[in-house]
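In structure tokens below, several structures.
Note that chain A is present in both complexes that follow, paired respectively with chain B and with chain C.
Let's look at the complex of A and B:
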């Protein structure tokens, strides 16, 4: 083993990487716990890539075969239920952790100079992960998928100006059918993984370049106390923590997959009404709930369109927070954006819960 | 630390425990994964294929036609003398489909220039064994093509 490392070092100079990792210090303070999320998300991405590729061995993406092939994975293929359930739960955990990562970064204002680009790549990844989740749960092409397809692609039509084109592009025609399934399959296994991988690479390189961001409050405190913020070496200390976290996450993931395997709904019947209480997956419940509260018309604009435009507006404020939040850019406390961050978190959590219970 | 009577040090013991733990974890992950990936869907071959006499009569002598025996591509030869012989069309070299050449009365595989005679025996080129041959029998007005009791030639596909 040592010989292999030595031989590789002679040829491709591993040394600089190790010394970089050794010299990299991770700041230690009361908010350090949020630094662990990136590695966990990366770990889940790898799990998704592996289990996803495995499911591709048996999944048949066409309207006539999709649901049946998943039934075969669940029943006939040895451990198919386990692989699919791990893929299902890893996707859910990935979305949970992506949101935690997002909100923690927002609230400690890690988007401050010079990390604007890191923040923007993060926002792109959050959207990619959400689209991943959505496209993934349309693939079984069961009843749930069908209504998710209809509602989701129909909502795209509410986007101003390009809405109709966007909807037709997503559907591969006027109505939801096998073309839609093929498109979402292509997104899910071709476009999104490549896009996400590319952005991950940029994001991770940027994080290495800048080091970890330290919250303003911690900086201020260290300043007034005239002391340095202590650090821990990235390698091996922090990586060791990451490894333990990943192992624990993996244990939890497999446990969830074993105890609550993913389901498969009934076949699509075009002539049946939507089932009672049909709802989007949990990560879109907040959107669903907000749109449900919208009146039919807001200032003579259709309620749903007004709601979607409003949500897009709010999202844009968050995406461009680094460029709007001037105070944080000067490393000053910025209570307005702290309040906005908490408000966003509150809206997300409360609307999701109400959407779930209603 | 290692006491005199002990086989290994405390460090050695715990190192082994950790590596053993990782090895067990790896095995626990690998076992379902391997079972999943190597799943094979069983596709049993039919016991026999029936062809109507009238259909057979449309085949001119010294001609072969393709037919399917379950998932297996097969070839039915009517010899000059009117005898019927059925073989798997898959060349025993690398599974390409063979064709019948009436002028030389041989089965020919275009992939690597393999030759089989009218009885399906490999006579030239790379094929290592004869074509899998079927039993051709009669049942009332139909011709019955079935697998011989013990398969010959074909590498375990039937």
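Let's look at the complex of A and C:
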């Protein structure tokens, strides 16, 4: 092993990377647990890329063949049911961890100077991951996917000014059909992976450049006690811990995939009316529930449009938090943004639960 | 210690492959049907039937947990736990090296 490392070092100068990792210290404090989420997300992305590529060999993206090809993957392809289920559960876990990473970063104010760009790339990644989840949900082209296509693209139509254009662009025409499936397939296997990979590279470089952010409370406490915050080298300490976390996550993922394999809904029957209570996938339930609560009109504006404008506004406040939260930029406590963060988390959790139960 | 760990992990990986996949049923292990000549009529009639449609019952059957799958899952967890124990040993070793100041030295 050591010989291999030496040989690689001679050829591609591996030494500087190891040296960098050894000298890079990760702060150790009571909130250090949140530092592990990034590596777990990266691990899930790799799993998604591998299982997605495997599914790509058998999936046929056309309205007539998509559902049948998924059934073939489940029944005829060796371990096809397992690969599809791992892909399904990894996508769900990726969204869960992306949300946890987002809320933890927001609440510990990790977006403070000089990490504004890291935060912005993280927000882009969260949106890409959500769109990834939605586009993947529609690909089986069964009854559930068909209505998800309709509900999702209808929601896009409610966006002010560009709504109709956006809906037609996503659908590839006026109605949901093969064109829509082809577009979402192109997004899912072409556009989104490339975009996400590019943003991940920038995000990881920025994280390496600036190091891990230390919460304001820990900084203040260390200042008061006049001591330095202890740190441990990234390599090998944190990498070994990451390895343990990834192993546990992998075990959990395979367990979920084996105990609750992903389903395949019935075929689309265009003559059948939409079933009652059609809902989006769990990660959009909160949006669905908020829009459901909106009255028909708000100040003579259509309720759905007002709701979407409100949600976009709230999202913009969060996205641009590093530039609005001036107190955090000065490394001072900012209770207003802490309260906003907790409120956002509360709205997300409560609305999702109500949306699921209703 | 690191070399020993790597070798142990490799050994475990090989054992894992043996434990998990040997009990599984392989298509290649099944007895091949006897060779016979297919008539043109048979080929034509198969072509007329179109591709075989997989039913919802078949999909549900593919999703069902079997004792073989449960065994494979338990083997996987046993391996994960073993790997974690080995990593813990490695971490302990690294902690000692760190305290001795090994990681602050430049790489030769």
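The definition used in the following text is that the second predicted complex is superposed on the first by the 358 of 358 C-alpha atoms of A that agree within 3 Å, B and C clash if a C-alpha of one lies under 4 Å from a C-alpha of the other, contacts with A are read in each partner's own complex, and residues count from 1 in each chain.
Heads up, the rule we're going with is that a contact is a pair of C-beta atoms (placed from the backbone, for glycine too) under 8 Å apart; a residue touches a chain by one contact, two chains touch by 3 or more.
As the structure is a computational prediction, the values presented were derived from the model and not from experiment.
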Chain B versus chain C on the shared chain A, clash or fit? clash
Considering only the touch criterion stated at the top, classify A:68 as touching first (chain B), second (chain C), both, or neither. second
With both structures superposed, pick whichever of chain B and chain C touches the larger number of chain A residues. C
After lining up the shared chain so the two structures overlap, which partner does A:54 touch, if you call chain B first and chain C second: first, second, both or neither? first
Considering only the touch criterion stated at the top, classify A:310 as touching first (chain B), second (chain C), both, or neither. neither
With both complexes overlaid on chain A, does A:259 touch chain B (first), chain C (second), both or neither? second
I'd like to know which partner A:83 touches here: chain B for first, chain C for second, both or neither. first
Check whether A:163 is in contact with chain B, with chain C, with both or with neither, and answer first, second, both or neither. neither
For the combined three-chain arrangement, which segment of chain C clashes with chain B: 6-14, 24-32, 60-68 or 96-104? 6-14
Do chain B and chain C land on any of the same chain A residues, and which? 76, 78, 80
Provide the residue numbers of chain B that touch chain A in the complex, in ascending order. 32-33, 35-37, 39, 41
Which bits of chain A are touching chain B when the two form their complex? 54, 57-58, 76-80, 82-83
Quick one: in the complex, what on chain C touches chain A? 2-3, 6, 27, 51, 53-54, 56, 58-59, 61-63, 65, 69, 72-73, 76-77, 80, 83-84, 87-88, 90-91, 94-95, 98, 103, 106-107
Inside the complex, what are the residues of chain A that reach chain C? 1-2, 15, 18-19, 22, 68, 71-72, 74-76, 78, 80-81, 232-233, 236-237, 240-241, 243-244, 247-248, 250-251, 254-255, 258-259, 261, 263-264, 266
